[in-house]
Amino acid sequence: MPLGRKLNYGMVGGGPGAFIGAVHRMAAALDGEMNLVAGAFSSDPEKSRAQGEALHLDPSRVYGSYQEMIEKESRLPEGERMDFISIVTPNHVHFPVAKMAIEAGFHVVCDKPMTTTLEDAEELCRLVDRHGIVFALTHNYTGYPMVKLAREMVRQGKLGTIRKIVVEYPQGWLYKPFEAEGAKQAVWRTDPKQAGVSSAVGDIGTHAENLARYITGLRIERLCADITTFVPGRQLEDDANMLVHYEGGARGILYCSQISVGEENNLTIRVYGSEASLKWRQEAPNYLHVRYVDQPEQIYKHGNDYLDAVSPIAQHNSRLPFGHHEAFIEAFANVYRNAGRTIAARLAGEEPSAFDLDFPTVQDGAIGVHFIHTAIESGRKGTWVDARYTPPGG
Amino acid sequence: MPLGRKLNYGMVGGGPGAFIGAVHRMAAALDGEMNLVAGAFSSDPEKSRAQGEALHLDPSRVYGSYQEMIEKESRLPEGERMDFISIVTPNHVHFPVAKMAIEAGFHVVCDKPMTTTLEDAEELCRLVDRHGIVFALTHNYTGYPMVKLAREMVRQGKLGTIRKIVVEYPQGWLYKPFEAEGAKQAVWRTDPKQAGVSSAVGDIGTHAENLARYITGLRIERLCADITTFVPGRQLEDDANMLVHYEGGARGILYCSQISVGEENNLTIRVYGSEASLKWRQEAPNYLHVRYVDQPEQIYKHGNDYLDAVSPIAQHNSRLPFGHHEAFIEAFANVYRNAGRTIAARLAGEEPSAFDLDFPTVQDGAIGVHFIHTAIESGRKGTWVDARYTPPGG
Amino acid sequence: MPLGRKLNYGMVGGGPGAFIGAVHRMAAALDGEMNLVAGAFSSDPEKSRAQGEALHLDPSRVYGSYQEMIEKESRLPEGERMDFISIVTPNHVHFPVAKMAIEAGFHVVCDKPMTTTLEDAEELCRLVDRHGIVFALTHNYTGYPMVKLAREMVRQGKLGTIRKIVVEYPQGWLYKPFEAEGAKQAVWRTDPKQAGVSSAVGDIGTHAENLARYITGLRIERLCADITTFVPGRQLEDDANMLVHYEGGARGILYCSQISVGEENNLTIRVYGSEASLKWRQEAPNYLHVRYVDQPEQIYKHGNDYLDAVSPIAQHNSRLPFGHHEAFIEAFANVYRNAGRTIAARLAGEEPSAFDLDFPTVQDGAIGVHFIHTAIESGRKGTWVDARYTPPGG
Amino acid sequence: MPLGRKLNYGMVGGGPGAFIGAVHRMAAALDGEMNLVAGAFSSDPEKSRAQGEALHLDPSRVYGSYQEMIEKESRLPEGERMDFISIVTPNHVHFPVAKMAIEAGFHVVCDKPMTTTLEDAEELCRLVDRHGIVFALTHNYTGYPMVKLAREMVRQGKLGTIRKIVVEYPQGWLYKPFEAEGAKQAVWRTDPKQAGVSSAVGDIGTHAENLARYITGLRIERLCADITTFVPGRQLEDDANMLVHYEGGARGILYCSQISVGEENNLTIRVYGSEASLKWRQEAPNYLHVRYVDQPEQIYKHGNDYLDAVSPIAQHNSRLPFGHHEAFIEAFANVYRNAGRTIAARLAGEEPSAFDLDFPTVQDGAIGVHFIHTAIESGRKGTWVDARYTPPGG
């Protein structure tokens, strides 16, 4: 590691009762390459303080607001001050925190969807570019070794021409109006003020879009969405089914749901080419199923030596030998580790490697926000809509 | 069995090299309740004769054409003449054979899709009614015990209100223009003159529609289809993805494909209700997965005593104890057995039981033909279309 | 088919309420190559008559005893009389029926275990040889196409040297003393007078031994068995675990159980060689898993063209295209079809093909009976015992 | 957390190229409750120093030997000095390090098998007791939430009387003499000087024994082992199959293998009771399959609310919501977290909770060592041997 020390980071959000903040902290801790040194864990200073204490942080670096954190940390010397900020708040807070962090020169790891409006997303693209910031978006599902293998196999042409992509992300946890009972995770995700224009598409549909694009490299050209709110009283959609045309002629289905009772977190992608197809499921993430015409089905499994030749990057993102499974946290940690090493290289004045640079970017974030709005628009109109989009910088 | 003898049947189609004809014969033979006594196996009299000989039929009852078969068999006394006709030809021949058979008073088992035009389908509905004929359509996938269990559980309200149906039928066997090489199964299925307006939807999409309707009882109200021909030179579509609205507010996805490399015959249905969901896969047909909110997933398995209380009809359509699996032929045989017992009851002047009457009807056939045409129309227009339809008699 | 007609057969056993008799009849009927023409379905003439009527048999050929059947059928001309006898009675009746049938010149299909004593088994070996009889034992699990593929792959050396065989056959259906409640299937299987010296080993352990030997070609040299009767009051063992040494240095585990609650019919075999291993499960029988060192796992699936090169015999024993699954009855039917074609060839004075001759023989039966007795003896002694054995004729 | 600070720990072993040391570090880091502050990573001081640098440790606390580490750390004040020592060396070094650590008052987390001789194991039992030390053995497979659920269900009597336990641990990675090529992991595990009397049983068979005992609470009374070295030139066994009798009448099979080509890390346990059975696989660890007589199979899945009532301890050992899978590192981390919290409570003068105390102990270690020696002895003798054993203190 070029920097000769661990990275330091501060967290915005992730107070008591939050789900994803704890995940970010475990992901950041796993590899022993970075320390949490500061936090503004809640807009309620008392809650922030309590969380900092539970995490054994230096109380002087537990702040009552992100503004305070950014200001005060900026004054600390490098090596002591935080090197980057993790943003793990509800969606509507991502933008102001990220903007202020970038302008103060802090690198950023931000949860998805990046912003609630496309204007904000594009503004971030420009800011990141202007300030030379490393910006990573936690589309964590692209962190799995077998997803990286899938991308490699597509790139190497093993599937032939991509014809069809079926990507689905069914969950069932919002099958009832839990938000009416005050369930924290349900409340903000179904509240337009905090979540933005979309619940299901914004929270999970965007992961599906990102995963399909990461593996195949293909962007969506047109889509036709059927957007539904099944649970009475809910303000945002909880189910979305889409017909999708990709650039280059591939077609497919993309759907996400929060009311599919019995489904847990069943993100699944199938990519069919003219020569072969592949299948990957988040709930059995150490396997990649590849099926060629006229050969037995093949199951690639993480950590095996035969991956060395096919996909060094899959191996690079795997920590354990075969049969010793890695799962959600490890994939999430790959985003942190890769982004962290990129940040460390920049701080050390060195060039990050191609392996380090393998994490979702601010442009991925803008594409995701554009996708969310396009899907909701198509659903409102009940027609196919143009979905082509190129964000600033990419 | 009220008739006191085995049923006799004749077959139209199913000559040398045919696939589905042999399946029909095995399905009919399995339970020892009916004999193949006559056949017009090919429009080529020599091929028909050869097939009859291979099947050890009385040469005097192997005919050179279906017309000849129907005429000559009509003159034989009951008990000797065929009681019903199995039609296993390419699609475009179903109608003329069925029409002549019905008018001659023969009961009919017919492969799907029932006809190539809606006019013909409706004509058959009227003929069946007018002549008091038992007409069974071999939507064989509804013959599986676990599919029948699924229907029972929906009917008993165990899923609550149905919200979403995802039914998919991917195959990969037509990923190349095998029809250009003269492969028999590929040739007729991709030839508009023999297959009708559709290949994928007609051959397998219609099974998906039938399965969803059989299990949930819901008809499609609107749909939006994306219809694609991926293989160059092919005259009919080989892939179809649809957004679907069902009566009563349920929504979903229905898709079928013949170019999904690596997929074999992967008909799968997931039905999500407000209280529970179920999943069934044709390639593991002895299991039904049921997932309630806040309970462990449950896997029902064919042949267990606990099914007695939940679904006597599932048990009735199962021949073996648990762990001794039944598969494609056995499910197909259930259509034959149930239709056959209905025919036998009619011949004996008795009323068939509700269990006997559990097979797809001529109205199912008309609904299927309407669905095929609606899907193709939607695809052509690129819009949502109205899909409501009630066939003559139902 | 060289004979120019269907084969005729008669059945001994398989009266009302029997399980395996109905399976034999479906297996024999499936391919349309043989007719059931006679039966002595029960030692109770009235039950035999009722069963014959239910099967629409000619009443004059429904007999009150097997002796009567063999005597009277012997007097009928060839082509009218039965060509072979199916023996589907409880174990202790196999020998007398088979002996009389053979001596009368009838070919035999017999359920397993072949006899209750080794003396009887060896006597049948000698009789079969002396009378030139085709004798098939229904070790039906060797009838699966993927089992035949497994054998081919071992023979072709794809696994290298066989090192370890783990074959298990757990069932749970006898977890309680159902025999005390009069349950027909339980009563005879746990009664030493009808079942012989063993219940679990005799009923299912012998299938496991046969399957391992069929696939690998290896005979057992030594074994150490732990034999247990878990259910109070039961006279025979309901669980058996064995350490096994095979000829050539392979070792392994063989176990069977009737009290493994929750297990249905979970016969599973794993064969490990120095270069690769394979796995097959009866409850997912259309797949063969092959795992080489340093390659992705491969799943062979029935009915695919790529099997043509690897195992024509697997293809020969498959009736349907890929994805259209075959199961218990179809595998059972392969024993009937292959044995039937061998019988037909003999009747026609022709040589059966190697494909026709692929069914378990009277020697397999004797080896199985010897295995059963050896296992029980080892369990009684609590030591390793010598298990080497060569039956008369093989 | 009662201590008000993070725990500190030092590591012995885990230098460059080691496998399990890195796992321990990730497991310790995951929850942010402890810091690695010191290390003697290798018996080669230069390698130790390099590893310390890679881990960004204070160079003054990277030691050239465990003796030096224990001596120097002992002189540091509490809160600064390490609170416990992680021992991750090859087996033969566990004992001297643990002994010295305990005598110096350091708590211990030690890899398994605990020692190479039973005398050493018993000595550790006595030392731990005498010095009031918290000693945790990393039988990590008992750290999985679903394993804890399994134990709860057995304890609650849901399985009825335990009848049969089938526990298997096949691996394939030593199918060739990789030790002859100098592969580090292979070399020490097959070297009697470093591994002790056993390779396969010591490395993985002992996990199987521990898992069975953890879930069922049953100790082994007798066993009969078949011990084999398949790979030529190897000094220790690479395969072991055992018949096992447990206290209370349960019987079963326990096997482990390092030459089962194609197997990765397939630890699997099935426990059959008189009323129900359960199945758990390490390679799909978030599911527990439970099968009652006459009910559908039930699959319990980690993180669901319905576990609250059945097994609070399973929930307590789960970090993520359902569908967000936890795997090897998370289970390993549970041993660290629970042992760490016990250590922290002791340091704070408080009583650890029952949840904290849920980790494998020094007595588990002694039982494991006794099991290893018993299995090897049985294999050598070729007979059943008595396996009853009670370690000092338990």
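For reference, chains read A, B, C and D in written order, and residue numbers begin at 1 within each chain.
The rule we apply is simple: a residue touches a chain if its C-beta (ideal position, glycine included) is under 8 Å from a C-beta of that chain, and two chains touch if they have at least 3 such contacts.
Treat the numbers as computed from the prediction; the structure is a model and nothing was measured.
Novice: Touching chain A and chain B alike: which chains?
Specialist: C, D
Novice: When B-D is set beside B-C, which has more C-beta pairs in contact?
Specialist: Answer by contact count: B-C.
Novice: Taking each chain's centre as the mean of its C-alpha atoms, give the chain farthest from chain B.
Specialist: Taking each chain's C-alpha mean as its centre, the farthest from chain B is D.
Novice: Distance from the CA centroid of chain B to that of chain C, rounded to the nearest Å?
Specialist: 34
Novice: In angstrom, rounded to a whole number, how far apart do the mean CA points of chain C and chain D lie?
Specialist: 44
Novice: Averaging only over C-alpha atoms, locate the centres of chain B and chain D and give their separation in whole Å.
Specialist: 55
Novice: Got the chain A residues that touch at least 2 other chains?
Specialist: 263, 290, 297, 301
Novice: Residues of chain B touching chain D in their complex?
Specialist: Residues of chain B touching chain D: 290, 294-301, 304-306.
Novice: Spell out the residues on chain D that touch chain C in their complex, using ranges where they run on.
Specialist: My answer: residues 163-164, 166, 168, 172, 175-176, 224, 226, 228, 230, 239, 241-243, 245, 251-253, 255, 257, 259-263, 270, 272-277, 279, 290-293, 297, 382-384.
Novice: Within the complex, which stretch of chain D touches chain A?
Specialist: Counting only chain D, the residues touching chain A are 1, 4-6, 19, 22-23, 25-26, 29-32, 36, 54-56, 171, 173, 263-266, 282-285, 301, 319-330.
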